[in-house]
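My questions will all concern the structure given below.
A, B, C and D label the chains in the order they appear, each numbered from 1.
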Amino acid sequence: MNLDPLLLFLQTLLLLLLAPLVSGVIKNWKAKLQNRRGPRPWQVYFDIAKFLRKDMVISEHASWVFCFAPYVVFLTSLLTGLMVPMVSLPAPLSLFGGVLAVVGLLALGRFFLALSGLDPASAFGGMGSSREMTISAIAEPALMLAIFTVAITAGSTDLSQIAQSTQSATLKLLNPAHVLAFAAFFIVLLAETGRIPVDNPATHLELTMIHEAMLLEYSGRYLALMEWGASIKQLVLMTLLLNVFFPVGLAGPQASAAALGVSLIAYLAKLLALSAVVVVVETTNAKLRLFRVPDLLSTAFVLATLALLSSFLFH
Amino acid sequence: MLLLTSILVVPVLAGLLCLVVRPPRVMAALGVLAFSTTLGLGIVLVRQVLVRGVVTEWREFLSADALSAWMVLLISVVSLATSLYAGRYFRRDVAAGAITAGRVREFHVLTPLFGAGMFLVVLANNLGVMWAAVEGTALSSVLLVALYNRRNSLEAAWKYIILGSLGLALALMGTVFVYAAACKNNPQSLPSFNWSYLMSVAGKLDPHLLKLAFVFVFIGYGTKAGLAPMHTWLPDAHSEAPSPTSAMLSGVSLKIALYALLRFHILTTACLDDGFSRSFLLGFGLFSMFLATPFILIQRNLKRMLAYSSLEHIGLICVGFALNSPVTIFGALLHMGYHALTKPVLFFAAGNIHQTFHSLEFRVIGPGVVKVLPVTVLLMGLAALAAIGLPPFGLFLSEMTIISGGLEAQQTAVSVLIVVALLASFCGILQQLTRILLGERKPGDHTGDARRMDGVPAMAMLLGGLLFFSVWLPAPLLELLHQAAGIIGGKP
Amino acid sequence: MAALMLVVQLLMIAQRMLLTNIRLFAIQSFFLAAIAAVVAYHHNASHVYVVAVLTLIGKVIFLPWLLTRLVNRIQIHEEIEPLFSPPTSMLICGGLTLLGYVVARPFTSLERLGNNTLAIALTLLLTGFFLMINRRKALTQVLALLTVENGVMLAAVALTTYGMPLVVELGIFFDVLVAVMVLGILVYRIRENFASMDTSKLNQLKG
Amino acid sequence: MNAFSSTLLTFSLWAYVAGMVGALLFQRAEKLANGMGFGFAAAGGVFGVFSCGAALVNGTASAGQSIDLFPSLIPFVRFSLHADALGCFFGLIVSLVGVALSIYSLGYARGYFGRKNVGVLGALFNLLLLATTLVFLADNVFFFLMAWEIMALTAYCLVSFEHEFEETRNAGVLYFVMSHIGTACIILGFLLLFQTSGSYGFDSFHALGDKMPSGRRNAVFLLFLFGFGTKAGMVPLHIWLPAAHPVAPSNVSAMMSGVLIKTGIYGLTRVFFDFMGTPPSWWGVTVLTIGTISAVLGVLFALMEHDLKRLLAYHSIENIGIILMGLGAAMMFLHSGHPVLASLALIAGLYHTINHAVFKALLFLGAGAVLHATHTRNMEEMGGLAKRMRWTALFFLVGAVAISALPPLNGFVSEWLTYQSLLQGFGTTTSLIRLMFPLSGAMLALTGALAAACFVKAFGITFLAQPRSDHARHAHEAPFTMLLGQGILTAACVFLGLFPTVFLKLFDPLTQQLIGQQLSQQLTAVNGLVLSGVVAQGGTVSTLGITLMLLCLLPVPLVLWVLFARTSRTRIAPTWDCGLRELTPQMEYTATGFSKPLRMIFKALFRPRREVQREYDFSPYFATTLRFESHVEELFQTHIYRPLKWLVLRTSRRLRALQAGSIQAYLIYMFVTLLALLLFAL
């Protein structure tokens, strides 16, 4: 079995360190775009460290599920990160699971997140879980369909395989099927990472928050794990989008150190570009009402279906 | 020894004795004795028939082939169960003042005569005598139907006798025509009116006349056998008669009329040798099955529902005969037997329920009978499951046999129709019985004197027999049935 | 002579009074007996004489006497209100007669005493049947039933060379007697229970 | 089947018989009857597991000839068994679940002591196990139908075991009627086959479909789809299922949802893959479509339930749908001539069958334990049970994760296989039909996500947060036997989840028999650690690997504790209550509230109706009493079944006029018939 421990270690590290930075950067740029000074990009590191040091307050109603959830959320998102190719092909753990496993693991994390929201008997948590599960449920088919479109062309569910096949024919990037799928996946990404127009990561206004509502009762290191896990999940999804749908500059198997460096730079560039897009979208759009969100996601679904149809036509 | 004669004489003697003996227990015992004797004789008869093919007495005045032997068995079993059940039943009625001792005597006198009449029907070789015997059964049973001198029972009896004897008059007309055909055949002498003789000359009979005859006979005996649309007396009589009588009417009397019809059917088929009579049986059989189901679905009265289910079973049996493949005929005969073992149990149970709740209306009986009469409900439930054709009971087997035989004979449509009709009645009976048998009693209902063990011996006997014969048909019985099927199918 | 039976039958349908009906029935049965006698004389078949005599005793003397007695016993002389008005029923009977002839046509060959007795027998049967439908009183229904029987017997005498075998004749005869007695008993009980003989009151059993 | 297996098989059958008889004999002595009944049932189950398991492992399943159970004494019926691979596989399911259920029932039935006749319960339970096993092994149409009907009958008796409640009685009747309608179709289907083969033995039906005229073939297909589909509870024939499963005693509900509806799947597999030969394409399409619809609608209706057992019942419909997707895909592949993919899809379907049997039984047992403790099925009255019933909560959570198809448990594995086959299916044909594969894949994804949502609700509302009623507040942990029963199934879930590559070997004889392929080699990579798609580079997954990696990554947070959180302490404090005095159960999120967003989104489907009655003194905003009621309508009930029933009954009432009691009318019927026949005769 081709498990490269070094690669594994490096990618884990990358994930852990890069994730907070990305969300920091996005926060920062957003502030800039809104003519605020905003927190420094690396502020998120300090937040996490602070959370880790702080004492914990646990609700008297909460059961062991409440204490179990943060680990699941954190570890699942970390593990999915290892199944997605970041700087080199194949991803360290591509053998252990492809896109289906990634989606499944993220769902597992979400499952426990939602449970932990319900556990402390607070109405906010319940509301958060309910909305989270609802939105993810209607986001799921669009996500799957988008991935199917690329997976079918690659004839595999293995992310690295898909990336390779996409790489092998670069003009496929202009294939309408591909573009449509890309768009669909981007919308899903916004929903899954709790971004405007679906959710507002910055708010604690009870009627609008989704993700934050579930975390209300968390404090101290559990909160740290949750936040960190969330940012890792966001990074993973972005990476998925970048390296699977747009694998430009991605280093192939057994690449030299230099090649790896190049691909790392390319990856970071793409990442920043994507973050920029996200920032623009977030600032130029207002948050949708909850019952408008399905319309957005069904748009994504339709896009994915179109992608499928066109790929059917172009075969 | 005069086997057939003694089968006829024993019940008659028992009936006449009941005129003189006083205590009701003795009368009941006499009935049981008589019919257990005939049952024994019937078994002997079966063995002789298997050996000799046809048993005859008094210069072929009486004769028994496989078919009649089979019917003899059915009559004896059902009558035996009835007289087993009747004793306690009427004791309780007398105690409750529902009926006078004199009427009870009437029952004990008439029931054996009723039985004897049916024996004569199946044993008589002469078609005219057969007609007379059928009329005799009708007359004896009508008095039994009217036994409770209530308004409803009188009404039922009146409809029964009017429709019945009118039908029988038509049947007589038909019989006369058949005889006329025989005479036309040899204008000199007075020909014998024996079925066996007619069969031997069947080929030479005037087909037109026979067709005409069969129309009349069909309407006539069809009325007595309760084929729709001549069935209208059936639910009334079966529901208003005392439960033992209902059991006999539903259990055998219908089948006896059907037997008489079959004799002519065989004759006609042998003469015309086309599907003329068969098409009658098929059409009216299916019609009966389908007419019965809606009445079951929305029935409000327990015994009427049972009566309609009998109607449906008779229809099924007719269809079985009409499909006329050895398999279906065999299945139909089998169905006769299993039905004869099943239906009386249901009527006995209905009798117990009637005596406990003083009504047969579903809404009066209400849910939760099981809490009051557990044993009765258990036996009734089993019998009901058998009646709606669930394994391991034999009716499932016979129904499957008929249906598959029909498909084998490429009669797919008919088989499908049968399945549909059975399905509908299944739903009806299941729903109705679940409604009353299961559940909790409503508070403050008068379940006065519940006697848990009433009539259990009779019911247990029949159910035991049913289960036994459902898993094991002894070789002689199978042989008998195959011979009977051969007789009906026209291939000896 | 058979035609006369038919005439009587039609008279019965037109007639409304109960006792008169009984007498008419007696007359009809007398004609039947006569026909039987003629047949017997014609083929000098002894046992058909028996039939004639039995009919004479039973249907001409005994049954009418029994029914009359019953009528007097339960005190009903009131009018019979039929289902159809007399003209209509007459028309219907005409139709039935026609049908009888149509049905009987193929069999004229086997008629012993000519002038299509079979047709008349059939017509008697059908009109008797109609009479039964048409009348509501229990007793008239009994009468109608008996006329049907007459039709059958006529056929029996007319169609077959020497009538039916004696056993059968006897059996039938006694069955008819018993039937009438049973019917009488029932009529009596009904009268007791319903204080009426109107069978249209017998409609409690539905569904 | 070698001697060992067949001996064990007979043992297990006799054990069931013994349990039945014993329980009936000693019904007066409840404890003894209980022990006898369920003890023997458990023994029989164990024998069954070993027998079928062994037969599948050493691949001797298909080899054996059919053996006569006992000589037949009535015409047409042969009581012959043939434990082929398919039969053994399903036999394995019923025995495995049977063991757990019997052990559980030992404790559960105590709840009936003094109230109901436990002896009868035990006897019926054994009879049910017996009949179900025979259904899977029968080798003759009549015998199969007998076992089938007895099974249905026993299930009816068990459903209406607590017949004191009218709801139960009606549910029982509904179940039995629907089941019987299905049976009628099955009978006709078999007889049509018989019309062609001229024999009642299953062996004579093998690949018969190819010899049939296409019209009759399609008729047979539809009849069987309808008949077995009714038993399996596929949409739209499912209405009996959510009615009947909840009202039965929980161990029976588990049996029905876990095993009984699988008899329908067995029938479909047997008929479509053994009897019907190569199917035309529209069969597969139909089955796949029905499967997809059942899956989505099933889970959507489940989401709207707050009766715990009804919710689980609806999930059975969903999972049947997923299984049917597998079967349908397999049929499409058979049509397009891809045996390997066909066997992959078939394996996916059957793997999901056993998975669903295990986790659904587990969940129903959990629900039973909850019912046992709180005496209510209404989730709105539960809550906080995770603290009071620790083990039950844990087991239920495992079941919930499994049924939501989340890695690393078994639900995920079978759905992964389904996804794989659907994905590869796209390439098998060039017609527009191939679009169905990814689309139904997307629907499967939707189903999975909704299921997850539904079980967050089920587990969260039932076991987490504050108790919502005194029942819940005073709940207690279930007795040991009940926990043991759940434990066994939990273990099975974990095993089937983590070691699919081991279990897949059991499918080899099965696919060999039905399609002539053996896939376990292709499906496993890296010496059994990894489950891989059948085509090269088709994608791999390893639930075991995932689990191990999760454990390997666990140090990361732990290290962080050591680095940062050495000094931090943990306090237990009340939940933040927005400054109110305290947080009462009324303020918690309810099950109804939880599913509100989805109810709104799928308005068109649910047609939700709400009634709010408010009584107030001076202002509607300060209501003294408030009554809120919200329904969703089951559109098949309201649009198909009720009108149908109404029509039938009305027609019957109309016909009732025929028997109006007037003798004149009756005479006229006769007269008219006579005239008609006279005219007809001439």
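What we mean here is this: contacts are C-beta pairs under 8 Å (C-beta built on N, C-alpha and C of every residue); 3 or more make two chains touch, one makes a residue touch a chain.
No experiment lies behind these values; they were computed from the predicted model shown.
Chains touching both subunit A and subunit D: none.
Farthest from subunit A, judged by the mean position of CA atoms in each chain, is C. For the pairs B-D and C-D, the larger set of C-beta contacts lies at B-D.
Comparing per-chain C-alpha centres with the mean over every protein C-alpha atom, the closest match is chain D. One simple way to say how far apart two chains are is to compare their mean CA positions; for subunit B and subunit D this gives 45 Å.
Averaged Cα coordinates give subunit A a centre that lies 100 Å from the centre of subunit C.
Mean C-alpha position of subunit C lies 70 Å from that of subunit D. With centres taken as mean Cα positions, subunit C sits 30 Å from subunit B.
Among the residues of subunit B, those in touch with two or more other chains are 158-159, 162, 166, 170, 212, 235, 295, 298. Counting partner chains per residue, subunit C shows two or more touched chains at residues 103, 106, 129, 132, 199, 202-205, 207.
Subunit A has no residue in contact with two or more other chains. Across the whole structure, chains are in contact as follows: A-D, B-C, B-D, C-D.
Note for the complex: subunit D touches subunit B at residues 73-77, 142, 145-146, 149-150, 153, 160, 163-164, 166, 169, 172-173, 176-177, 180-181, 184, 187-188, 191-192, 194-195, 648-649, 651-653, 655-656, 658-659, 663, 665-667, 669-670, 673-674, 677-678, 680-681.
Touching subunit D in their complex are the following residues of subunit A: 1, 12, 16, 49, 52-61, 63-65, 71, 74-76, 78-79, 82, 93-101, 103-105, 107-108, 110-111, 114-115, 118-123, 125-127, 129-131, 133-134, 136-145, 148-149, 151-152, 155-158, 161, 216-217, 220-221, 224-225, 290-291, 294, 301, 304-305, 308-309, 312, 315. Subunit B makes touch with subunit C in their complex at residues 126, 128-129, 131-132, 135-136, 139, 142-143, 146, 149-152, 154-159, 161-162, 165-166, 169-170, 172-173, 176-177, 179-180, 183-184, 187-188, 190, 192-193, 206, 208-209, 212, 235-236, 239-240, 295, 298-301, 304.
Of all the residues in subunit B, the ones that touch subunit D in their complex are 158-159, 162-163, 166-167, 170, 211-212, 214-216, 218-219, 223, 229-230, 232-233, 235, 280, 291, 294-295, 297-298, 330, 367, 370, 385, 390-392, 394, 396-397, 400-401, 403-404, 407-408, 410, 412, 415-416, 419-420, 422-423, 426-427, 430-431, 434-435, 438-440, 470-473, 478.
Interface residues of subunit C facing subunit B in the complex, by the touch rule stated above, are 103, 106-107, 110, 125, 129, 132, 138, 141, 145, 148-149, 151-152, 155-156, 159-162, 164-165, 167-168, 171-172, 175, 178-179, 182-183, 185-186, 189-190, 193-194, 199, 202-205, 207.
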